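Two complexes come next, and they have one chain in common, subunit A, joined by subunit B in the first and subunit C in the second.
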Partner chain A sequence: MLEATRNERHRLRESIITMIIWLIAIIIITIFGWLLTDLLVHGLGPLTWSYITTEPADAGRAGGIGPILVSTLLILATCMAVTVPIGLGTAIFLAEYTNERSPFGRAVRRSLDVLAAVPSIVFGLFGSAFFCFHLGMGFSILSGGLTLACMALPIFIRAVEQGFRAVPDEYRMGAAALGLSRWATLTKVLLPTTMPTLMAAFVLSVGRAVAETAALIFTSGYVDRMPQSLMDSGRALSVHIFDLSMNVPGGDDNAYASALLLVGLLLLINLIATWIAKATQRQWTATA
Partner chain B sequence: MTSSPRNISSLHRADAALLWTLRGLAAVAGIVVVLIVVFLVLESLPALRSIGLLRFLRDQSWYPLSDQFNMMPMVAGSLAVTLGAIVLATPLGIGSALFCRYYAPRPIADFYRGIVQVLAGIPSVVFGFWGLVVWVPLVTQSLLAGILILALMILPTIALLAETSLAAVPVLYERGAAALGLTRWAMIRRVMLPAARSGIVTSIILAIGRAIGETMAVVMVCGNVVQLPDSLFAPIRTLTANIALEMSYAGEAHRSALFVSGLLLMFIVVLLVAVAQWISKESDHA
Partner chain C sequence: MTTTPLNILPSAPPREVVCAPGRDEACASFTATNLSLAYGSKSAFRDVSLRINPCHLTGIIGPSGCGKTSFLSCLNRMTDLLPCRVTGSLNFGETNLLDGSLDTVALRRQVGMIFQKPNPFAMSIHRNIAMPLREHGMKSSSEIDESVEQALRDVGLWDEVKDRLNTSALALSGGQQQRLCIARALALKPAALLLDEPCSALDPIASGVVEDLMLSLRRRYTLIVITHNLAQARRIADDVALFWVREGTGVLVESGPVDQLFEQPRDEITASYIRGIRG
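Showing the complex of A and B:
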């Protein structure tokens, strides 16, 4: 009899907890759905072709975001042009040329761990002090892109390094048995096999960079005209959303459109990265 | 035509050049953090000299234009909003991880994990904007608004990392628990959560780092009044928001004081990373 009530109690507790856990999941899905629907409902109307291509007018209340998209692209291009070579080299070095005992390798790894945790506003301060003033680049797309590169580096490196570590050792041994040099092993064997991960890491870093705002406010600045060169100040899309919603009364409609565009781009980026990762997995299971 | 000695040595030379190039690139990547610290310190020095550490704690308040530089209201604001967000996001995040791992059927779990991943990638400026237009009308620009938005932003960090550490618990633990006839919740509470504890704690520490460093969302929803928070509905200003709001017009001493707050943020983050690494090292030994 006692046993029976205890079982009863256990069963009751189990079902209450199951309900709570499902409730948590439902709440989170609801909030996400709410965010997405809200952006779609308010942002889809103003998000037209002319909005994407024309110049902003009346501080962004009217007109479009043409020059802002160009600036955003230039900032991203600068960022990735720096991130990819340095990041790729570092990741290859960490994955292929060091081990746990190497003090230099450990120091680099430790420093990247910290770099990954640095708040974006601190990157902004650093970028302003180092690129804008110390190196004399001023408020420019170049300063913003370089600041973002510092931010994207640890993300890119971590993802690429994992890709290299996932390559089975048989590949390296096979290359060594064929008498290939390290350089040939790298370019003929390792790089081709890790290419999908490299692409995924690239996409991931672009996603992180395009989402960034705080690091750009005082490096690439607010100017919303069409940039003529990398030395011009240029307003990124995320900075535009910030400015419209905080400093421009009546800018909400266009802020919605820009926010929807930004989230749409990120969803696309996310999809591409997942798709690449899945395709790679299939390739590995097929060859294994 | 076997390889002549000349060939072998040129091969070595190419490989040596490759190695040194890679070392050089790794050195560049490794030096960034050092540069950041050096420049934060260099820019902070004028304020540390002319204002001095004590006045950051003891001045009347933060009125940089009248030469008053007390940072404590902003430190309190940052801590309050971070604490609130962590208290809210931790149970929800762990609950999410448990949902994915033990409660949801496979397709639902995959779908749900996808949503959490997308949520992790949504830019803070979008969260801030959405909070401003949707939530602020309900709860005003306040500590509470900041806590709600920030909790939503750090939840994916906790959920995804907690699930990874739950997944890393050896299958034998689960089978053992099942063999003992434990119910699902008893297995989770007595076996899985304790086994995954260090990973979960690490995820919370990383989330604290994200929360304390978050800028755009809190600038947009917290109201930015410099004051010690006395209720959930009080508007507050965080250290990060203060930098974002004032850098554009800061004069010399003022700018330098803002760098001091940046240095403080950097110090907190390095400390958190060190604690996280210490925890994972301890659990490796255990």
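Showing the complex of A and C:
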């Protein structure tokens, strides 16, 4: 009798917990779906081929976003061209060449974690003072890309470091026992194993960089002309969206279209990175 | 020791110890003299003096924590990867293994190591063997393919995997993975192989297959096998060394030919251990 009521209560508790978990999952999906639907409903109308390719007119109320798209990609490329080599090197140094408990490694790690949590506006001011004025790069795509790299580096390094630490020590022991040099162990055993994490870290960093507004207003600037070089000022998509929705009355529809494009861009980069991770792994595991 | 009923362990048939033709000079001996190893202030084993005969299969037995694995790690300088200090003297043939300027890459090619848990890399079966070969300077693809096939045949894995050489090694069963690891080490044409409890993570059938494999490699390589399985030591070993924990550190209690150690142990501890009374 007692046993039966206890079972009953047990089962009730189980089902309540299950329901709560489902509810949370549904809420999250609903919010994302709502957001996406809103974007699609308002943004799909103005989003035409000519919108993507032409220059903006009337402060963005008319025309397209061709130059803005080009600036965005250039800023992103600058950012990742700096982030990936420096980040990969630092992550390898932290994971493979420093003890997890050594004071130096801990100091570097702590600094990175603090940097990752610094608000982007602070990076913007730093980038403006350091790259634009101190180094004399002015308001340019280069300044913006480098500022974004400062922001993306901490996230990228920590994620890649975790990836290296997740490789079981048996691989390192096995490689050493086979007489593989440290370099061969790194490039032939550890890197291929961490490739998926590497790509995930890449997507994470690109996501943070491409969504950035505050840090770019002060560094790469507002100019919506087609950039002629990396030293030109260029307006990023996120800055454009911010400007259209905040400063330009009647710019809402085009802001939606730009936002939709931004989400599409992120999705595309995500897909490409996943594909690269799969392809390289396939190549590494194959005979050659 | 006259009353000891040792028949629970089936005695191996007497064997001739003769090196395979042409391999005598390739097989080399290890000679440890007063070898000690400590992690900081914690001593793992102390004053071990042991000669390991070339082309023999030497079994190392003893309870957990008696320094067997630490001893094995000295023999291919895997100790370099550990925060430990090694003192005494240790030679591999004529080579002084404790020489700080020793080329460990070359040494580990000569002295392969197999771990308790099979550790193939997350790559294809073929590449697991081919990649180290290539790193050690083998260039021609046909030569590599031949070595891969030969190594896989040596461990009896060829027929099982020849149609899926390009699939992931991680998809193999535990026993197959362990044999792949042995093949990977053999492909480098070592003189000696160190095996740290190679069967203990495997099921009885896979364990039997690996044991047969070790028997087939005997005489062709100097083999040193740590095992917790006394019956296995008796079945496969030419010589046996018993480690023990004494005063908080590992010591070598007794070593010698397998029959002598199991039938006329000189030490009281050896007698009790092999009878299953202690340890």
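Basically, the second predicted complex is superposed on the first by the 229 of 288 C-alpha atoms of A that agree within 3 Å, B and C clash if a C-alpha of one lies under 4 Å from a C-alpha of the other, contacts with A are read in each partner's own complex, and residues count from 1 in each chain.
As a working rule, a contact is a pair of C-beta atoms (placed from the backbone, for glycine too) under 8 Å apart; a residue touches a chain by one contact, two chains touch by 3 or more.
Keep in mind that this is a model prediction, so the values were computed, not measured.
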Which of subunit B and subunit C A:Phe104 touches, first, second, both or neither: first
Partner chain(s) touched by A:Lys188 [first = subunit B, second = subunit C, both, neither]: second
Partner chain in contact with A:Pro119 - subunit B first, subunit C second, else both or neither: first
First (subunit B), second (subunit C), both or neither touched by A:Leu230: neither
Subunit B versus subunit C as contact partner of A:Phe93, first or second or both or neither: first
Partner chain in contact with A:Ala255 - subunit B first, subunit C second, else both or neither: first
Of subunit B and subunit C, the chain that contacts the larger number of subunit A residues: B
First (subunit B), second (subunit C), both or neither touched by A:Ala177: second
On subunit A, the residue positions that both subunit B and subunit C contact, one per complex: 179, 181
List of subunit C residues in touch with subunit A within their complex: 76, 78, 81, 104-109, 112-113, 115, 117, 119-124, 126-127, 130-132, 135-136, 165-166, 168, 181, 184-185, 188
Complex interface listing, subunit B residues touching subunit A: 3, 11, 14-15, 18-19, 21-36, 39-40, 42-43, 91-92, 95-96, 98-99, 103-104, 112, 114-119, 121-126, 128-130, 132-134, 152, 155, 183-185, 206, 209, 212-216, 219-220, 240, 243-244, 247-248, 258-259, 262, 265-266, 269-270, 272-273, 277
Sites on subunit A touched by subunit C in the complex: 168, 170-181, 184, 188-189, 192-193, 284-287
Of subunit A, residues touching subunit B in the complex: 10, 13-14, 17-18, 20-22, 24-25, 27-29, 31-32, 34-35, 38-39, 85-90, 92-94, 97, 104-105, 107-108, 111-115, 117-126, 128-130, 134, 150, 153, 157, 179, 181-183, 186, 207, 210-214, 217-218, 238-239, 241-242, 245-246, 252, 255-256, 259, 262-263, 266-267, 269-270, 274
